[in-house]
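In what follows, a single structure is set out as structure tokens and then discussed.
Chain IDs A, B and C follow the sequence of writing; residue 1 opens each chain.
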Amino acid sequence: MSATKQFWAILRKDLLLELRSKDVFTSTFLFSIMALVIFHFAFSPNLKDLTPVSAGMLWVAVLFTSLLGLNRSFVHEKDEECLDGLLLTPVDRPVIFLAKLAGNLIFLIVLQVIVVPIFALFFLGGLTAVAALKLAMVLLLGDLGICGVGTLLATISANTRARDLLLPILYLPVMTPFMMQVVSYTNALIMGGTAAVDMSSWLYLIIAFDIIFLLAGYALYDFVIGE
Amino acid sequence: MMKRKNITIGLSILAGVLLVISLYGIFVVEPVLPAAQTGFSQKIFYWHLPVAILSFIAFLATLVFSVMYLIKKDLKYDVAAYCSAELGLVFGVVLMVFGMTWDYLAWGVWWTWDPRLTTYLILLLLFGAYFFLRSMVTERSRQATFAAVFGIIAALDVPVSFLSTRLIKNVLHPVVIGAKDSGLEPSMYIWLLLSMFGFTALYIALLLVKIDIENMQDSLRDVKDAIENGGK
Amino acid sequence: MSTAGPALEVRNLTKHFGRRAILAGIDLTLDRGEFLLLLGPNGAGKTTLLRVLATLLAPTAGEASILGYSLKTDPTEIRRRIGFISHSHLLYRDLTTYENLRFYGEMYGVQDLDNRITELLERVELTHRRYDTVRDFSRGMFQRLAIARALLHRPELLFLDEPQTGLDPHAVDILDGIIEELRADHTFVMVTHNLERSLELGTKAIILKNGRIVYDSADRPDPAELKATYRRVCVSGDGDECD
């Protein structure tokens, strides 16, 4: 019971801090829109129709914007050694992980609610309701994996000399195989029935990744946070 | 200590002898395969496969030592994990060179995004990140913990990433062992095994030497610290 | 709710950073209600000892029980009962005074939180800043709020790491007043450089050097003896500063 209360206390605090300094949200929002625009000009010389590469563009944009958000999620704690204050309270370490994870997840979802419709408008010319629902599902599954590993790696990198410089180096190679799955699935979704492969095998792999990433993050967080 | 030194020397000699014999077998005893089975370039295979297996063993050892470190919090496991990762990286780079050469000779391309090559590239990037992470933390126990945690995540990523790449597309890479028509004569297995044992001996010898070097460097650092602090 | 046993019981406590020993075997017992002064030159390991006892750092070896709870097996129980005032104020700059205290109060599960916050803010004279973000606070105001934060959950044992550093006289008065009020039924461990000021408070003093206890007063320290030892330890040769 007290763990639930503590979870909400941390989450509420993080969201409050985020709301108060809207800078991260604004910058990540602008960043993702700019990324989409740049993708358009990078690919359009050779491609009349950008639909075949749009899944990749979407996920690259998500991946890079998530980096900005993840880096931020620990800056408040390191600012005034607030992490010490948090660690001094009688809270189980996994609760901190889950609360931070939830904060990052909410951040990404809110961002996507705004950015993904713009993306669909730019590159897909709209979506059917079923495709939109499926897209929302794969985005959510993708976000879970991103935040599971991302929260752990962001905690590590925040505690090193390099700080925000280190996170992409650790995070991108870990995420690459996961990205292959979400991009393949999203691509098949966008291209309709044209993809020959059975989509469900990708979905299973995405879910497998999610489970592994979340469990690993949960189990290993205790070691990282105390150091 | 003396005994350990002897083991290292013994293993090094063994590795040398085995690998020279295997070279003799590969180039003198075995005939060149017909062009349909990729001809002369196929000879890379005898060393390619053992190096591949050993680089995996090296990374697997890093995983095991990392878990051991987190459980026991004894820095000697961290040193072992780090040394093994470094060897894995060396073997991995050698493997890439072998593989790309073979690809080129057999199929006329240096690089394809086939599952194994891609998985391997990701693996090498992961361990590149592992060393970068280590260099970014000065405090020794924190360095060991972070490296162990990342090492575990990286190692978990590998099997799934292999599965992923397979699922996406499977192009050039031959599935050799276990396939029905692998094109391997029984005599070829002997040379393959000889190189396998040779490289295993080499790996263990190098690991032991590397661990000794790391430990010596640590002791040296302690002595330096003590001198700087004026023997306080 | 309290358990039996002394406030601190430390046996052969060791902390290595890498291969370097910062604490090289600390033995220490402190009864409840005492006021321990922790003295020593820079780099002696005072802050490290405090952080280990406050469960922020895991010891490399050795045992410690705090208020009857084992450092190894019951850190959460210890955290419930200790307060820590460190160099940093541990407050979130973009939150208001009230939000900071509410966050920490919820983390500790403080009963009747709003009244407790009101009461503490009055005590540290920050009531008028209750709904202001703390970003623009002066150093003294930060430190006063940090004191309120550390006392929120009514800790039995208080760790103070050079609490007077950087405080304006007014804040020092408030801090002294609070310590005076709490002395009767609380245990204190205070790291300090300011021997003159703290001598009257201490019921026991130890001097740390190179991770070892080089002086243990065992009882209420004799001021002259303590001062002499302190000077000797700190000045011995290699230019360590005590103050």
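The definition used in the following text is that a contact is a pair of C-beta atoms (placed from the backbone, for glycine too) under 8 Å apart; a residue touches a chain by one contact, two chains touch by 3 or more.
Computed from a predicted structure; not experimentally measured.
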Exercise. What topology does the chain contact graph adopt: line, ring, star, complete, or other?
Worked result: complete
Seminar exercise, completed: Taking the mean of all protein C-alpha atoms as the centre, the chain whose own C-alpha mean lies closest is A
Seminar exercise, completed: Rounded to the nearest Å, the gap separating the Cα centres of subunit B and subunit C is 50
Problem set entry | Whole-Å separation of chain centres (CA-atom averages), subunit A against subunit B | 32
Seminar exercise, completed: Distance in whole angstrom between the CA centres of subunit A and subunit C is 40
Problem set entry | Residues within subunit B bordering two or more other chains | 141
Problem set entry | Interfacial residue positions of subunit B with respect to subunit C in the complex | 75, 139-141, 218, 221-222, 225, 230, 232
Problem set entry | Of subunit B, residues touching subunit A in the complex | 70, 119, 122, 125-126, 128-129, 132-133, 136-138, 141-142, 145-146, 148-150, 152-154, 156-157, 160-161, 163-165, 167-168
For this session: Report the residues of subunit C in contact with subunit B in the complex, numbered from low to high.
Result: 16-20, 210, 238
Problem set entry | subunit B-touching residues of subunit A, taken from the complex the two chains share | 149, 152-153, 156, 159-162, 166, 169-170, 172-174, 176-178, 180-181, 184, 197, 201-202, 205, 208-209, 212, 216, 220, 223-224, 227
Exercise. Given the complex with subunit C, which residues does subunit A contribute to the contact?
Worked result: 2, 5-6, 8-10, 12-13, 16-17, 20-21, 76, 79-82, 84-92, 226
